[in-house]
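All chains are identified by letter, namely A, B and C, in their written order; residue positions are counted from 1 within each chain.
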Amino acid sequence: VSIITLTTDFGLADGYVGTMKGVILGIDPTATIVDISHEIAPQDVRAAAYTLYTTYPYFPQGTIHLVVVDPGVGSERRAIALRTPQATFVAPDNGVLSYVVADERVEEIVHLNNSRYRLSPMSRTFHGRDIFAPAAAHLARGIRLAELGQTLTEIITFPLPQRWAKVSDRAPSPDGTIVGQIIHVDRFGNLITSIMSKDLVDHPLLREVIITTKGQSIRGIASNYAEGMPGKLLALIGSSDHLEIAVSGGSASQTLAAKVGDEVLLKVEGHEDKR
Amino acid sequence: VSIITLTTDFGLADGYVGTMKGVILGIDPTATIVDISHEIAPQDVRAAAYTLYTTYPYFPQGTIHLVVVDPGVGSERRAIALRTPQATFVAPDNGVLSYVVADERVEEIVHLNNSRYRLSPMSRTFHGRDIFAPAAAHLARGIRLAELGQTLTEIITFPLPQRWAKVSDRAPSPDGTIVGQIIHVDRFGNLITSIMSKDLVDHPLLREVIITTKGQSIRGIASNYAEGMPGKLLALIGSSDHLEIAVSGGSASQTLAAKVGDEVLLKVEGHEDKR
Amino acid sequence: VSIITLTTDFGLADGYVGTMKGVILGIDPTATIVDISHEIAPQDVRAAAYTLYTTYPYFPQGTIHLVVVDPGVGSERRAIALRTPQATFVAPDNGVLSYVVADERVEEIVHLNNSRYRLSPMSRTFHGRDIFAPAAAHLARGIRLAELGQTLTEIITFPLPQRWAKVSDRAPSPDGTIVGQIIHVDRFGNLITSIMSKDLVDHPLLREVIITTKGQSIRGIASNYAEGMPGKLLALIGSSDHLEIAVSGGSASQTLAAKVGDEVLLKVEGHEDKR
């Protein structure tokens, strides 16, 4: 039995997601289909990439992850499938797999251009139904990746901040500062940053760090949201091990007018370079 | 293994949909349950009918489609099940199957009045739980349709526009005009019309058509949404093969104050009647 | 094959629910996972308790109900699992099982503190993923409850109104009045009360009761919502057998400024104490 997950910006009001599930079950009636989210902000490829990044490691090996956030549908963008030791990903080639290729060893990539594994006639506006769902379902049935189209050696990715740089580049600067970025804003307005708990292992005294973004500073890292004072900024390590900036009972995104890509600095108090 | 799809206006905040799934799994633990939508606008039978119409053809043969958009719950409206060569439909008799009976050969219809296949005690307000879910689950288990109640020969339908008229009635008028209607407004305000791509096969030059509705005209049919100018009207063939009217980055429904039932004309430019 | 239901306040926009499903399927790939609701109002333990109460009786015996509405995540509140003859419940120990323990015979309760059945490393903010989902999945696989942690003899509950009092306490007062409370406000603003249809069996003439709450009175109990006059208060027996107060086409909660815990009186007209 294969697991196919779905991540889209289709919403649940219309029948689009149901249609994709019908197509999948028509090809592989035994597939277990799991919704990750259908409420990705419309055409927000980065938000879809982040949601996938925080979710796929928790699925069993061999899971097929189908992502359809596809502003370029009907244009020349390619439809792709990509296999790692952990999972197979089926998606438009628009950067939505950027975290996957940064974190995993890529074993094989194909361009989903074998028309035998598409629905016919094919629409110009709903490739989720006509290309991506059939590809995922055929993979679930056991078709080899190479059957689905031509091998590719490169895909489109967007640049990722320091956390995904080589380890040697991730060391704090001489004055003890780690430079990160906001990589995601969740629906509560919490700012998820690229700085991870594992970047901080050499700093056991978490109360002694200062986090600065958008001209405001936070001293120390709290254990949980409840520790914050109402309306005040708060830093904590979130469930995906990333440093988050939140406002207790409010939206850090609104309070700071912060957005994806903004810089975040973490500095150890009183740090002096001993080199 | 049987597939049961669910289309309701119950929303997902309360436990109504979960309750129906519990009832189904209590009768047929092996059923595969697929959500089509639970966000049909409250009591909007036509929207439910349209959503079902665009979705059911993509499910495997033998799928059971359960629809509970039921403004008449507790009144004298009948609960029905209807079988076609493609699928079985379980729904209130309120017109929600109008597209199905227009497009498919109906093999059998029953009134779901055999109390043996209902929950007991039966509420007056939640027939989705007490009548429709049990009926779908018993069908999934293999009970014959005729066991569920008395045979019916007619059900309630609402009038459908020209697209479902006999082919001879669907030909363009002498001046080259096809008359259609708006049959659905989606959540983005796109206007889905009854005119289908297959009505246009004799008009290969799609750039040469003029579409008129609510006193405004659009020249030509675009390939996809991206071709539109921001804020301007746009016509295209949607994923269900119907002509749609959209506003790039906006709502055609609001821009035109258009609604279901409004007339849409498609005329070939420079057409002259040669008969 | 085991059924696991999910009731959370996580919403469906982020990947939290999908992550929990991945964890479950990684432990028990054959589990049937059913969503009850992920749109419980954030941290509203009472609403989650009510939703569970109206839903779990409709699932097959042996179903595992997983509830994660958990304002105390990261604090000292315990994670528990509780078995009744009907089902097993996995939840934080915060009162969310109050209706269950009032209505069912509790066979066994454990504190989910055996770290062997938790994810590692464990986050401070997402016990749904790290404690509750693994516990439910291990139970689905057949692990005995006692394996998951230490036996408990008591859990936290919130006080429930008269409907759950002993029968002798639930009898009408000498003047024929039944005293109840509002136990839930649904998303339409309908007020669900603790008074049940079975409290009324001795009052066959339902037209002859007067229901009073927040200084306003309603005469008689309607058969369904459609019987109400637009904008007027209406009483009826809802699908869970509880007396509800509604406003036809409006919100009773807003009209009456009513909330959970407010008193509701039901009096039989002309009743005189004959004792």
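FYI, a residue touches a chain if its C-beta (ideal position, glycine included) is under 8 Å from a C-beta of that chain, and two chains touch if they have at least 3 such contacts.
Owing to the predicted nature of the structure, the values given are computational and were not obtained by experimental measurement.
*Asks:* Same or different, please, for the subunit B to subunit C contact, judged on whether over half of the interface numbers appear on both copies.
*Replies:* different
*Asks:* Hey, what angle do you get rotating subunit A onto subunit B on C-alpha, to the nearest 5 degrees?
*Replies:* Angle of rotation between the two copies: 120 degrees.
*Asks:* Between subunit B and subunit C, what is the separation of their C-alpha centroids in Å?
*Replies:* 34
*Asks:* Note the residues in subunit B that touch 2 or more other chains, in rising order.
*Replies:* Residue numbers touching two or more other chains: 12.
*Asks:* Which residues of subunit B touch subunit A in the complex?
*Replies:* 1, 3, 5, 7, 12, 32, 34-40, 51-52, 54-56, 58-60, 63, 186-187, 223-226, 236-239, 241
*Asks:* How about subunit C: which of its residues touch subunit A in the complex?
*Replies:* Listed in rising order, the residues of subunit C that touch subunit A are 11-15, 17-19, 21-23, 25-26, 29-30, 33, 73-75, 123-126, 129.
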